[in-house]
Structure formats: structure tokens, C-alpha cells
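Paired with chain B in one complex and with chain C in the other, chain A is shared by the two complexes that follow.
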Partner chain A sequence: MTTAVRLCGVDLQETESTRAIVEAIEADNPEITVRHVPGLVKIQSVNPVVIKRESVEARLGRPWETHEFQMAIVSYAGHIAEWDDDEIVIKWEH
Partner chain B sequence: MKKLSMRERYNLLTRDLDWTPSYVDPAEVYPFSRYEGIKIHDWDAWEDPFRLTVDAYAKYQAEKDKRLYAVLDSFAQSQGHLGISDASYLNAMKLFLQGVTKLEYAAHRHFAYLARHLDGPGPRFAALCQSLDELRHAQTQIHTLSNYNKYYEGFHSWPKMHDRVWYLSVPKSFFDDAMTAGPFEFLTAISFSFEYLLTNLLFVPFMSGASFNGDLPTMTFGFSAQSDESRHMTLGLEVIKFLLEQDEANVPIVQGWIDKWFWRGHRLNALVAQMMDYMLPKKVMSWKEAFELYFEQQMMQGLFPDLAYYGITPPRHVEHAILEKDIVSHQTYWVLKQFTFAAAFHTWEVDDDSMAWLSAQYPDTFDTYFKPRLLKSREQAANGMHSYFLGLPQLCQVCQIPMLFTEPGDPTTICFRHREYKGETYHMCSDGCQWIFDREPEKYIQAWLPVHQIYLGNCGGPSVPEVLSWYGVEEGVDNHPYEVSPDRKSWDEWHAAAGVAGK
Partner chain C sequence: MQYELRQQVVEPKRQAYQYLIDRFGDRPASRYEEGTVDVQATENFHYRPTWDPDHELYDHGYSVLRLTDPYSFLDPRQLYYAPYVTSRAAHYDAFARTLAYLNERSLLERLPAGWRTVLTTLVLPLRHYESGAQLLSCDGARFAYGTSVEQCCTFAAFDRIGNAQLLSTVGLALGDGADTELANAKRAWLEEPALQGLRRYVEELLVQRDWGVSLVALELLDGLLYPVVYRHLDEVALLTGAGAWSLVAQHFSGWYKEQQQWLKALEKAWRADPEQGEANAAALAAIRDAWLPKATAAVAALAAAVDAALPDAGAATFADGLTTEVFA
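And now, the complex of A and B:
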């Protein structure tokens, strides 16, 4: 199952509140693959993965600060290239 | 007043609270950050992508704990322990509590030291947060698993066991090795090689296994800890990039540490591999698949091309680790099973369903090398005989695991390496451990090897019952196969048609 493609990504807890985050990631990053294992959602991508505050808020129906992503994240592959008030970007740098 | 941005808050609350000492030389204030030969020119170049401030830290950590303790309460109240897949599952948790929880506490202590002794405010604050995280992990693991201690054997005396029992010297010596290194080697060892490279293999599939086996509290503490862990991974990656960017002379030093600590971590993971493949009644993912996903795909194909930019190459001996993905869990479980009489957890015979799963997951090795002896063992057990190894194993001087690993590419020949040093002979399990010994022989000749210590008379006495008593292992209760254990008996009674209430 090893491939030569270089993937970055993020693993999130499978919970009610992270479902909105996963949906937002899916909407903003159409090329990702999403795999569900017990308790866990594994998101992988050949491109940078972007998590946008506005997209998450639209699905949650409430304000969501990007710090709150800490409640959902389990692990990630890549480098956190940006984490500001509006978005989080995970990608390989070089 | 306008709300400040994350960046502004981070600069004000984390970086701006620092000052440069003017009455004393910084080298006197931070005396431990120079002797390893690492050159740092600008501590302000340190990056913290999380931009964490102390108020945000407290807010989210409190929320994580609230969620966890709500789960612990309802699980205990609803007799949740009766709903796990099988009581045998809890042996993985005994091993976890005995092996890992004190490492969390050790990490808490050492990050507190780094929070004082690193020159830059960015890494000091990151180390302070991690120190508090690790204390939280130790506490939440103890609280979570203490519920099982009310109903099942083997959850007592784990701090004493961690310091004394033979298989627990593997994780203990790993961490002691890191804590007795300098601050930058420790960061490369624990924050980078362990947290970033390998910890996914310990926590992620394992907690997914807890979820699948009905162990809600463990799954919750695991994922709760793992949410901190992603911040620790970031610290690990930032440390490496920071050191590599600060001075070219740091590159070979860091490469040597990555080479050493990758292999040290890989050996430690042998215990995790057998837990995943053998100790989970309901299987989530094989060790091999987890290794391919989290190590080969994410690290070898993802991370190392990134680090090549700085002149870093994949870890030495990684090709041997990759070869072992097909065999390591089987070989390790087999040896632990043979020494169950001297352990504080149970092993058991492998049933047909599990064998079919192992055959499917390991098509190249399981049926050929490992299934026949498991079948033989099961046949003997049916006749009341346990296949025990009645003697003490030779241990590797570096990883302290019994010499159970095989020559690269040949799963039938045990790998023996040895070195003469100052008139004594030292044994190693692999080229990886031998290379580590050769770099620092003066360090590893001081190893507290459990087998040697028994022979030296330092472990309660010369006989198995005396040693077990010194370990805190109750004969006939905590050890021997699960099939004949009090845990099994209780479980069967609780699940009988008119199940009696737990004790």
C-alpha cells in the first residue's frame, strides 16, 4: 500500500463537533481523501490542507476561533505553515 | 478596546515578557545549552506555529479535562467495564500503565528543566506547556485506569514495577537514556524522534483499538493526550529545523542524534507492535499497516524529503526497521508469551479467527514462520502444558530487549552482535543497537540489565518466586496465561446468564 505520492494531512477525532470541521475541510480542499477508522477521521492530501474559520463557522452555526482546532486534532503529517485568526495551513515545506 | 490578533497576543504574552540579562553573562544564566556543541546565533528565530498564550492554553486544557472526566464518570457509573470486548483486552492496558505512565511523568520533569534552561522565551514557553501536558497525561492515565483496578488484577504497584520488572526496563532505560543526555539531544530524542517520527504508532492506532474494543475512557484519554501531542510534534519539528537553520555545524550532530534515536524508538515500538497484533481482541489495523501508513508514507516519503533541504538523510538502519515490519510483532509476542510466568500481565493462545486475520495481514511471513509454533503451543496448552522458557534470557545491552530479533532478511536466524570493551563482552541485538553502543560505550556499560541484576542478587533472591515478590507480582493472579487467570474467571461469572454484580 506504499505509494510514491507525497501526502500531508491531519487526523481528527470522530465526534459531533469535529464533523463540521471535516465538512469544511472537504469543501475547501476538494482533492483530499477521507478515511474513517474507529474513533478517528484521517485526512490526506497531495496539496496543502487548509482549514478556514469562516467555513467551519458556517457549518457549526456559531463563532469558532482557530485555537479550538486543538480540541479536534489528534495528529498531522507535514508542517504547520500558518495558524492565524482566519486559517490553518498544513503542508510540506521543501 | 480592539481584540488583538493571535500574532499580537503571542508576541505580547510570550515573547515580550522576556528580557536579556545585563548584570550576568547569559552563559551563566543558561549553563547547559552550550556543551553539546550546538551553535545558536539567534534565539528569536524560533517559530511557534501554535502561537499559544498562557490564557488560551489554560482555557483549552481545562475543556479537554472536563470532557474526559465526564466520560470517566459515566463509564464508572454504568459499569462500563462489563461492556469491553473481553477482559483479555485489559492486558494491553496493564502493559501501558506499567510501561508508559511513568515516562509521561519523567517527561513532565524534564520539560520543566528545559522550561528553565533554554535560552529563548519561545522554546521555554513551549517546554513549560509540554511539562504541564505530560503531568496531565500521567494523572489522567492513572485516573482512567484506576477504575479497572477495582475489578481486575495487575493494575496495582505499577510505579514499583516500572522500576524493577525485566520487560519494563525497556521503556525505562529508553527514557533514562534521553534524560541523561544534553538538552538538545533530549529534544531530538523525545520531541523529534519519538513524538514526531514514532508516537503516532503508539497512540493513534492504539487508541483507535481502545475505541473498537469498547474502552471508552482509554480512547478518550488517548485522544485527549494526543491533541497535546500534535503540539509536541510541532515542537519536535521546530527544534530540528531551528537547529539546522542556525548553523551548518549543527547538521552532523543532529543527524547522529536522529540516527540513534530513531533506532532506540523503533526497538521500543516492538512492545507496541505485539500489543496491536496480539493483545487487542478486536483488531483495527495491523502493526505492518500502521507502520506503512504512519512511518513509511508520512515520514519517509513526507518528512525526510523536507529535511533533505538541510542535508539530513533518512535514519541509519531504517532499511532494517522496514524489513522488520513483517516479523517484529510475532517475534516479540512469542517471547513475552514464553515468559508470562514472570510478567505482570497475561498472554494467551491465539484463536482461529485471530490466526486467519494475521495470515491475511502478513501473507509473506505469518503462515511460514509463526503460525506453526502457535498451533503447537495451542496443542500443548490443551494438554495442560505451557510452553515456557525456564531460564533467564540474554538481553541486548542497549535496548534491553531479550535477544529475540533476527538477521535482516532472515526470520529464522537470531541476530547476535557483541563488542569487547575494557576487557568485558557486551551483547547487542542488531546492527542498530551495536552502532549506538559503539558511539557511547561508557554510557551503555552502566546499563541496569534486569537479568544481570537478578544474577547479582539485587532482585529479592535467586528463585522465580522471590524475584516475583520483589517485583510486586502476585503468583497465580497477575501472571501465567489468561485462560487460567482470576480475571477470566470473574469475567465469565459476570457474563453468565444471571450475571452476578462485580465485586
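And now, the complex of A and C:
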């Protein structure tokens, strides 16, 4: 018997301003796959995807609030399990 | 019938300019990197300056503090023209709103006794201090080596003249729109004994040629002056009913936090430099030993004068317990 793997993930716009976010996600989540399609960055993962404010700020060079993440999202797969001031977690909850 | 939609990805021939690919590899570069890294000319200077034949137009030798690779320092704020201008426009708008509020409620006129003296004779003259700091930053903008440092100095210079202007607008508001308080402040800067240490410090820095020494020594003084005037007096103002000063001071302490960000990064780069690191550390120690006592004395004199006008301010005690964070 095989168990189906459910991938969670998020699609972001590919712009100058979201590049820092993508780099931060890549650094904090070593097991993700990142696919660049025109205008879009598709991030997929078996494990929960974590977006940390601190990592984004370090790459962006300015304060960044987690709600700004909404400006970058095109679509996502999974549940937004956590969305507070310091991090966002996307995963399947059941 | 089923259709499968597929997209075709066309790889760009190059992700960035060649000078960035040489340094960082073929990856997309940020606007900040494009406008900063390796931008300053490093060769083919045909003529040496007639006023300084020992140096090239851009030369490592203008300071004892050097970086083997000037771009081992990058501005953590990643400021280039557009974000700098946008962020400062917002900064000034916020200050203008504060000032409008102060005027509307006549808060400056209703300051408790002693505060007006402190502001007009001790704080307002600091616009001349900021003006001196602007000249010192300009010196760094011209003589530093590497665009990343020069750029930070340029922005710092504009920030400093901006700070002087913000203080001036407070002075105009204190004088009910007339420039009397500004004229008094100029006289205080030249004659008030409590300010002479600061004036002497800035003027001595203005006549020495090493931009690095100026930058470090200025920060040693800033690191004591800003906490006393814009942080401690801010707290005192809140507790003694001088809310007007607290509203003004927040803009300066906020700016100073940002200023320290790049200075901290620069210090780190200077100390971590593989070839120059030790020499830099020795130079930093020498600058600290030469200038920090003077800075401490200058700020102590100012703090004592503040305490004389506001007996409960405790500025001298606060200044006494201060240590500089950067270049210490």
C-alpha cells in the first residue's frame, strides 16, 4: 500500500520585491522545491513551509511585517496554520 | 478530450550585469547591488589632483582605515536613490505633522519652566553641530574608497543637513515664526560655555584630513550626545509634562538608530578584513583613545548645563553611565 504524498506550498509573484522573500524561504526550508515559471515562483514542499519575518528582513534591509506577504501570494496549497507577527506556517492540518 | 497546458520557460542569457556575475555568480541582482557594487572607478586616473599629488583621484590612502575589498561592506539598509528619497520624504511628512500638532495646541509655548531655556540655549544650537556633521559626512562621501561606503556617507550628509533643518523649524516655532531664537542659538553655539566642548570637537575634526577618523570620532560623540539629548531628555520630558520635546525627539532618536545600522556593519567589515583587519583594529583603538575622552567631556558639560536648568533631569548621571555602542 502506498500513501499519497500531499504537497503543500505557495505560489508567489516573481518580482524584485518578492525575491528577498523567496530567498528567505529557501534558506529556512531546505527541503522545498522552487520552480520559476514566467512571472511566478512555485514553492512546493512535503513539510510545512515556514516564512520567518527575521530572515526576510535580513535580506530586504528594512522592517517587514508578515501581512505584507499577502501582496506576494498568487495562490497556495494547504492551510495557513499560523500567521502571527514573526512567522507564517503553511501546511496541511488534517 | 483533455488538454494539457504547458508553459515554456525561456532562460535569460544572463541574470545580471557582468560585473555582478563576476562577483556573485549568475544570479539575479538587486537594484541596490546594481547601483553600488564596483561602481566607483579604480583605474585609468590620468592625472593626480594638483592639490594632492601623493594620491590618485580615488585612493585607499585617504584614511588609515581600509578594506582590502571595499565591497565586503554593503549597506544593511540597502539604500539607493529611490528608497532613500521615499523613506526620507515619509520621515519629513511625519515630522511636519508633529510640528503642526505642536503649533495647533501651542505645546511649545506651554512648556514647563526651564525647558524653554534648555531648548533655546542648549538644544537648538545643535543645528550647527549637525551642520558640522554634514561637512564631515561630505568628506567621507568624496574621499572614502568604494561606492558602498561613499554612498552611505552621502546619504548621512543629507540626513545631517535635514536634522539641522528640523531643529531650525522647531526654533522658528519657538520664536513664533521669527528667526530671533535661531540668532540666539547661533550666539549660544559660539559663546555658551557648555557648548564649547562640542564646537571644539567638531571644528578639530573639520581640519584633520582623514575621513575615516572623522567618521569614527563623530560617531563616538554622536553615541553619547544622541542618547542624552534625544533619548534621556525624551523620558524626562514625558515625566515632567514637557510632552512637546518628546514628540520632537522621537524623530531624531529614530533616525539615529538607522544611522547606527550602517556604522555597525562598517565597523564589522573593518575588523573582519583578512589583510587590513588588525591594522584597522589598532587604528580604531587609537582613534577611540584620542577622541573618546574629549567626547565624554563635551557631553558631560552639556549634561551639566541641562541639569542646571532642569534640576530633576539627572542628565549628568545618565551621561556618566553611558558607553558608546559602535567603535567602542
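Heads up, the rule we're going with is that the second predicted complex is superposed on the first by the 90 of 94 C-alpha atoms of A that agree within 3 Å, B and C clash if a C-alpha of one lies under 4 Å from a C-alpha of the other, contacts with A are read in each partner's own complex, and residues count from 1 in each chain.
To be clear about the criterion, contacts are C-beta pairs under 8 Å (C-beta built on N, C-alpha and C of every residue); 3 or more make two chains touch, one makes a residue touch a chain.
What you are looking at is a predicted structure, and each value in this text was computed from that prediction instead of being measured.
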Combined model on chain A: chain C and chain B, fit or clash: clash
Comparing the two partners chain B and chain C, which touches a greater set of residues in chain A: B
Chain B versus chain C as contact partner of A:E16, first or second or both or neither: second
Partner chain(s) touched by A:P38 [first = chain B, second = chain C, both, neither]: both
Partner chain(s) touched by A:A27 [first = chain B, second = chain C, both, neither]: neither
Which of chain B and chain C A:V46 touches, first, second, both or neither: neither
Partner chain in contact with A:D85 - chain B first, chain C second, else both or neither: first
Partner chain in contact with A:M71 - chain B first, chain C second, else both or neither: first
Touching partner for A:G61 - first (chain B), second (chain C), both, neither: second
Set of chain A residues, in rising order, touched by both chain B and chain C: 37-38
Residues of chain C that touch chain A when the two form their complex: 7, 9-10, 28, 30-32, 75-79, 83
Chain A partner contacts - residues on chain B that touch it in the complex: 5-7, 49-51, 56, 60, 63-64, 200, 203-205, 207-212, 219, 223, 226-227, 229-231, 233-234, 237, 284-285, 289, 292-293, 296-299, 301-303, 305-309
Contact set on chain A toward chain B in their complex: 1-9, 11, 13, 37-40, 66-68, 70-85, 92-94
Residue ranges of chain A touching chain C (in the complex, touch as defined): 16, 19-20, 36-38, 60-62
